[in-house]
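Would you mind keeping the following structure in view while I ask a few things?
Order of writing sets the labels: A, B, C and D. Residues in every chain begin at 1.
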Amino acid sequence: MTAPIRLSVPGTLAYRAVAVRVVAEAARLVSSSKRREPDNPLTVDVTDPFDTAVVSAFMEIFNNIALHAYSAATGTIELAITPGERQLTIEIADTGAPFDMTTVTPLPDVTADALPEGGMGIHIATAMLDEVSYQPGPPNRWRLLKRS
Amino acid sequence: MTAPIRLSVPGTLAYRAVAVRVVAEAARLVSSSKRREPDNPLTVDVTDPFDTAVVSAFMEIFNNIALHAYSAATGTIELAITPGERQLTIEIADTGAPFDMTTVTPLPDVTADALPEGGMGIHIATAMLDEVSYQPGPPNRWRLLKRS
Amino acid sequence: MLAPYEVTRSPHLTLAVRGSLDINTAPALAEEVDRIMANRPPAITVDLGALELIDSSGVAALVKLYKAIRAAGGTITFVNTRDQPLAIFKLLKMDRVFGI
Amino acid sequence: MLAPYEVTRSPHLTLAVRGSLDINTAPALAEEVDRIMANRPPAITVDLGALELIDSSGVAALVKLYKAIRAAGGTITFVNTRDQPLAIFKLLKMDRVFGI
């Protein structure tokens, strides 16, 4: 295995795009390892189901850290992304406010008359990935794993 | 000033796109600070002259590290990218073979009958930026600076 | 930068969303939804053919539009949903509600 | 992934290069250039309208094509060069040579 990709960015929404881009590219390194082709550094193609799942989950976790963990004081978000043969691991650390993940309620049944307008993020992340763990800190540590 | 963006990737061409993407986004944070708008995490728009210069220079330096510094043994490329009010600084460290930058010859005059097919990289980088410094190591350290 | 959406009124009222509808871009769409609803349109088509990425904030913006149109007695039709946004709507079981 | 170029032969021989022509994609273009030159074409148009990024390896690939066409007595015309690739050709003073 090669070394992980490490990224550290200020924990604000202005740096969301750059973090998502790095994660999308790392996912692609795993999903397209068979058809590994050079790509355009200006675009990322997130159409493969593996890439889709990883990026969907990561966007929610990043949003939550920037919005909730860093709602009062701000700090950095540190990522260690390890593309493996058949899996991708994303470790995330922030020094914001910890929370209790067990208090997050499951998403109620979705019907035409009961559509949620919030509370979908953690649900999306856990449903899209094989493993999601959170260890309150400081630093708070997320570990996301997706198998291909 | 906010904290720098830090990125560490294996020093091979497979990670070139992800590094270029991060640098392009960091350049955009400087060049578009007046018209700061949210952007699509899947595309980077390199049309502003500032972004163009930064990305052009960085691509050459990255290529050279992956190809020349890491021609024998491989290692990581560490970036610290600091977007300032009116400038961008990119510090790059690698643990590959050092070289003597003073031996790099200037690009000869370009005419229809004397078009170069190599040796353009360092020339592009220095011409596009305000400051380029290299300190042989290990680790070898590049410092690139562009004012806006 | 392009706005993350475009509204065309003829022949039908269509809202085309493009690029990434997310926590950064959804507020602009929400404002557009307010402008759209000011006319109490009887029907709207939401074209997601150029939408590449959506997050839960983007979903929330579309849910708001859906609720507003229905509350006003109108109809809303989603067309051309693809890739990551389609996966999200399926995961949230909104694909059937939205007729995707 | 799309190839970084497309060759069309009618009405004129045109090589359209797109996306990023760089150290990763230039080798594929170099192979295409060999195929193109096998026919000793009298003229070729290189359309860079969809080329977003180029590095020195990409420039080298286009220089090779330029030299090969000229050595075979043909003519080469570059069209639609823009943004970062245009800046690079200007910096290298190749813009005049290439008639850009």
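Simple rule for what comes next: a residue touches a chain if its C-beta (ideal position, glycine included) is under 8 Å from a C-beta of that chain, and two chains touch if they have at least 3 such contacts.
Owing to the predicted nature of the structure, the values given are computational and were not obtained by experimental measurement.
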Revision key, fill the gap. Distance between the CA centroids of chain B and chain C (whole Å) is 39
Review point. Approximately how many whole Å separate the CA-defined centres of chain A and chain B?
Key: 27
Check your understanding: If you average the CA atoms of chain A and of chain C, how far apart do the two points sit, in angstrom?
Key -> 24
Point to revise | Contacts with 2+ other chains: residues of chain C | key: 22, 24, 52-53
Check your understanding: Can you list the residues of chain A that touch 2 or more other chains?
Key -> 13, 16-17, 20, 38-43, 45-46, 59
Check your understanding: Is the way these chains touch best called a line, a ring, a star, complete, or other?
Key -> other
Point to revise | All chain pairs that touch each other | key: A-B, A-C, A-D, B-C, B-D
Review point. What does chain C use to touch chain B in their complex?
Key: 1, 19-20, 22, 24-25, 52-53
Check your understanding: Any idea which chain B residues touch chain D in the complex?
Key -> 13, 16-17, 20, 46-47, 49, 52-53, 55-56, 59-60, 63, 67, 107, 109-112, 115-118, 120-121, 123-124, 127-128
**Study point:** Touching residues on chain A, where the partner in the complex is chain D
**Key:** 37-43, 45
Review point. For chain A, which residues are in contact with chain B within the complex?
Key: 2-10, 12-18, 20-22, 24-26, 29, 36, 38-46, 59, 76
Study note, to complete from the structure: Per the touch rule above, chain C residues touching chain A in the complex are 22-24, 52-53, 55-57, 59-60, 63-64, 66-67, 70, 83-84, 87-88, 91-94, 97
